[in-house]
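Next come the structures, one after another.
Next come two complexes built around chain A: one with chain B, the other with chain C.
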Partner chain A sequence: MAELLRLDGASKLFGSLVVIDDLSMHLDEGEALGVIGPNGAGKTTLFNLISGGLKPNAGTVRFGGRDITAVSPHRRCKMGIGRSYQIPHPFEGMTVFENLLVGACFGTDRAEKQCYEPCAQILEQTGLIAKANRLAGSLTLLERKRLELARALASGPRVLLLDEIAGGLTEAECSELVETIREIRTTGMSIIWIEHIVHALVSVVDRLMVINFGRLIEDGDPHAVMKSPMVQEIYMGISAE
Partner chain B sequence: MQWVDTVIQGVLLGGLYALFATGLSLIFGVMRLVNIAHGDLIVVASFAALAVAEGFGMHPLITLLAVVPLMFGLGYVLQRGILNLTLGKDILPPLLVTFGLSIIIQNGLLEVFTADSQKLKAGAIETMSLQIFGGISVGVLPVITFVAAVLVIAGLQLLFFRTMLGSAFRATSDDPDTARLMGIDNRHVFALAMAVSLAVVALAGVLLGVRTNFDPSIGPGRLLYAFEAVIIGGLGSLWGTLAGGVILGVAQSIGARIDPGLQILAGHIAFLIILIVRPRGLFPRAVD
Partner chain C sequence: MKYRVTTATRTSRVAGLVTLAVLVFVALAPQWGTRADLRLIVEFCYFLALAQMWNLLAGYAGLVSVGQQAFVGLGGYGLFVFTIYLGVSPLMAMLLSGIAAAIFALPTAFVVFRLRGAYFAIGTWVVAEVYRLSFAQVSALGGGSGKSLPISVIRSIADSRAEREVLIFYVGLAVAVFATGIVYWILRSRHGLALTAIRDSEPASESLGVNNFNAKLVIYVIAAAVTGFVGALIFIQKLRISPDAAFALTDWTAYVIFIVVIGGIGRIEGPIIGTIVFFVLQEFLAELGTWYLMILGIMAVVIMLKAPQGLWGLVADRFGIQFFPVQRRLHVEATRDKEA
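What follows is the complex of A and B.
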C-alpha cells in the first residue's frame, strides 16, 4: 500500500517541556491506526502537528509524498487532512447543515451548490439528518461528537483524525458511534484515532500505536500491542487508577 | 407637529450614525477587533472624496465610485499587513495599534490637508427637500443617507446569511482555529471583512462631508457616536446598529429642540440610560 502520511524525527517543545520527543510514524493509504497513551502523553499534540495547528521544533511532516511541515492548517485541510476535536468545537451560531457546508465548500474548493448533495449524504451517514436545521449550539454531546465527525468528513479528507470521539459518551452511545466509524471505514477512508476506550478502538483499527512522554513505545497488531508487558505496565497501570 | 418633525429629522440623522457604526460593528463581530482608528478612517474617506472631487471636478456623490474601491483596498492591505499581526488571545495589542494608527492618520491628514475646515460641495441637492405630510419637509440628502444605511445593512445581512463568504465570516467569528481546520484562510477572511468595513466607511465619510464641515481632528468624535450606536443596538447585531443609530439621532434631535446646547449631551444621556436598563444592548446576539 502507498504511504499517505509520515512523521520523521518530530519534536515539539512547550517552553522547556518536551511534549513530542523525536517521534517517527507513518500511515498507509486506507489504513486505520489507533493511538493510545496516558493523559499528557502528547497524543493531541501529535494531531496538532499533523493538522498544522502547531509546527514541530524539529523533524518533518510528509503527506502524500510532499513535505508539509511549513504548510498552513487551511491548506492542509484542502490537501485532505480532516480533523475532529476531543472537545467538540461546532460553529455554534450556525445550523448543523451550515457547519458541514463550510467544511465542504472551503475544504474542497467546490461551489456551494455542488456541496449540498454530499453534505446531505454525510448527515444521513452520521445520523444527523433530522437535526440538519438545528443550531449547532443546541446539540447534545453525542450529537456534537457526530457533528465533529460529519464536518471533518465534509471537508473531503484523505485521512480522518479522530480525537477521543467516543470520550464522555455512554456505553450505548459509544457503540453507536463505533458502528458509524466502521461504516466510514468500509469506504476505504484512512483513519488515525486517539481513544481511551480501548475495546472500541481495537474493534476498528488495523494497527495500534502507544505513546508515552511523547515517545513511541509500541507499534503493531492491536491485540499483540495490548498484551505487551510495557503497555500493561504503563497504560493499564495508569488507567486503573 | 414640531415634535413629529424633530423625531423624523432625528431618525434621518440616525441613518448617518448607523453608517458610521456598521463597519465598526462588522469588524467587532467577525474578529473581536475594536478599531480605535475607525472614526479617523471615516475622515480619511471624506478627504479622499475631497481630493478626487477637486482634482477631477467631480460631484462628491460621484466620487464614491473611486473612494469606495480605494477604501476597500486600503482595508484589505491594512488588515493583511498590520492588524492581522496584532490579533490573538490578548485584546490589548489591536487596541494599542489602532490607537496609534488613529494618531498617525490625524497627523498625516493635518500635514497634507492642513487644519482648515472643509466641506464637500454637492450643489443644489444639499438644499433640496421633500414635502411629506402635515407641512413637514425633509432634506433629500438626509433621506438618501438613511436609505443608504438601510440598504447597506440589508446587503450585509444578505452577505452574512446567504453567501459562503458570509458563512466563512460567521465560522471564523465563532471559532477561528476550527475555521482554519475547515480550509478557511483566516488572514484572507479577516482582510475581506476589514475591506467591506472600510467600503461602508467610504460611504459614511462622503455623506458626512456633504452634510457638515470636517477637519482632521473630528475622527474620535465620530468614533464615539459609532461606539454608542453599536452598544445601544447590541454588539454584533447589524439591524441593532441601525436601531442604535436612530435612537442616538432622535435623542440628539430632541435635545437640540429643547436647547441647542443640549444636542450632544442628550445623545450621551440616552446612551447611558440604555446602558443601565439593557447593559447588553437592545438586540444582543443569542450566542456569545
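What follows is the complex of A and C.
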C-alpha cells in the first residue's frame, strides 16, 4: 500500500511545555488508524499539526509524498486532509446544508451548483437529510457531531481526521455513529480516529497508536496494543472487547 | 432521489416589488420634493451605503473597523485632487476616488490584518488618524484648515445649481442601490458562503478550504472602494473639505456603527432599518445637541444587550421573514419529501 501521510520527528511546544515530543508516524492509503491516550496527551495537537492549524517547532509533515510542513490549512484541505473538531464548530447562522456547501465548494474547488447533489448525498449518508434546512445552531450534540463528520466529508478528503466524534454520546448514539463510519470506510477512505471509547475504536480500525506525554508509546494491531503492559497501566481495567 | 435548491421566498418576491415601488417613488423626488428633501435623501443614501459596507466588514468578514473614516477622507480628498489638480471631470473624479481608496486599502490591510479583534479595531482607527494628520500637512490642499471646491469645478458639475443638485441626488441614489445590491450579490455568490462561514467560525472555514485571509482582503478592498466613492459624494455636496471633517470618526464611523447595530448586524436589511431609525431620531432629537449623542449611545448599548440581533432581527426571527433571502434551501423530491 502506498504511504499517504508521514510525520518525521515532529515536536510542538507551547512556551516551555512540550506537547508533541519528537513524534514520527505514518498512514497508508486506505488505512484506518486509531489514536488513544490520556487527557492532555497531545492527540488534538497532533491533528492540528496534520491539518495545519499549528506549525511544528521541529520535524516535517508529508502528505502524498510532498512536504507540506509550511502549507496553510486551507490548501491542505484542498489537497485532501479533512478534519472534524473535538468541540464542534458549526457555522451556527447557516443551515446544515449550507455548512456542507462550504466544504464542498472550497474543499474541492467546484462551482456551487455542482456541489448540491454531492452534499445532499452526504446528508443522506450521515443521517442529516431531514435537518438539511435547519440552522446549525439549533442542532443537538449528536447532530453537531454528525455535522462535523458530514462537513469534513463534503470537502472531498483523502484522509479523514476524526477527533472524539463519539465523545459525549449515549451508547446507542455511539453505535449508530460507528455504523456510519464503517459505511464511509467501505469507500476506501483513509481515517485517523481519536477516541476514548476504546471498544468503538477497536471495532473499526486496522491499527492502533497510543500517545502519552506527546510521545508514541505503542503502535500496532489494536488487540495486541491493548494487551501491552504500558497500555494496561494507563487504561487500567478497560478491555478491548 | 432528486434535489432542488431555492433561495427566494414568497415574502422576498413581494418585498422585491415593494422595494422597486419605493425606489421609483424616491427616484421621482426631483419632481415632488423640495431642495431640502433632495439633500436629506442624499444624506440618507450615503449613510445607507456606508452602513452596508460596514456591515459587510463587521457583520460578515469579522473585520470590526473603527477606521472607515480613512476611506471617506481619502475619497473626499481624491475628489479635490482629481478635479483641481488633474482636471478630471467631477463624475469621473468620484469614480477615480473610489479606485484610489481601494488602492490605499492594500497597504492599510497589510498593517491592520496582522492585528486581531480589539487590536484590529484600534489599528484601523490609528491608521485613519495617520491619514488625517498627513492631509493636515499638505498645504496645497489647505493644510489643517481645508479647502473649498473652486467655482470653475463646481460649474463643471452642471451649469445651474438646480441641475447640480439633481445630478448629485441621482448619484447618491445610485450608490445606495449599488452598495445594497453588491452586498446582496456577494452574499448569494460562492464568496458569500465563505464569508458567512468566516463570520461563524474562522478555524472551521479555514480547515474546509476557505482562504480566510483572501476572502477578507477582497471584502476590505471592496468596502474601501465604495466608502471612498461615498466620501467623494459627501464632499461634492458639501463643496468644502478639511481633515477634521473628512476623517471624522463620529460622523463616518460612530454613526454608521450605531445604524448597523440598531438595525441588525449581519443582515442586509439591518442597515436599511438602522438608517431609517437614525434619520427619524435625528429629525426629532437633533436640537438636543450633546444629549442627542448620549441618547444614541444609550440606545445602541441597550440594543446590544437586549437584542443583539437588532430591530430587524427581532422582527425577522419572530415572523421568519427575509426581504433579501440568501439562505439556500434544499428540497428533496420524489420518494420522501417531508423535511423540515
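The criterion applied here is as follows: the second predicted complex is superposed on the first by the 235 of 241 C-alpha atoms of A that agree within 3 Å, B and C clash if a C-alpha of one lies under 4 Å from a C-alpha of the other, contacts with A are read in each partner's own complex, and residues count from 1 in each chain.
As a convention for this text, a residue touches a chain if its C-beta (ideal position, glycine included) is under 8 Å from a C-beta of that chain, and two chains touch if they have at least 3 such contacts.
Source: prediction; values computed, not measured.
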Combined model on chain A where chain B meets chain C, clash or fit
clash
Would you sort A:Arg151 into first (chain B), second (chain C), both or neither based on which partner it touches?
both
In the superposed arrangement, which partner chain does A:Phe97 touch: chain B (first), chain C (second), both, or neither?
second
Is A:Glu117 contacted by the first partner chain B, the second partner chain C, both or neither?
second
If you tally the residues of chain A touched by each partner, is the higher count for chain B or for chain C?
C
Just checking: does A:Cys105 make contact with chain B only, chain C only, both, or neither of them? Give me first, second, both or neither.
both
For A:Ile129, is the partner it touches chain B (first), chain C (second), both, or none of the two (neither)?
second
With both complexes overlaid on chain A, does A:Ser51 touch chain B (first), chain C (second), both or neither?
both
Considering only the touch criterion stated at the top, classify A:Leu33 as touching first (chain B), second (chain C), both, or neither.
neither
Where on chain A do the contacts from chain B and from chain C line up?
51-53, 72-74, 77-78, 83, 85, 89, 91-94, 98-99, 101-103, 105-109, 112, 151, 155
Contact footprint of chain C on chain A as seen in their complex
51-53, 72-74, 77-78, 82-83, 85, 89-95, 97-99, 101-103, 105-109, 111-112, 116-117, 119-120, 123-124, 129-134, 151-152, 154-155
Interface with chain A, chain B side, in the complex: residues 164, 167-168, 170-171, 173-175, 177-186, 285-287
What residues of chain A sit close enough to touch chain B in their complex?
51-53, 72-74, 77-78, 83, 85, 89, 91-94, 98-99, 101-103, 105-109, 112, 135, 137, 151, 155
Which residues of chain C touch chain A in the complex?
1, 3, 5, 189-190, 193-194, 196-197, 199-201, 203-212, 266, 327-330, 332, 338-340
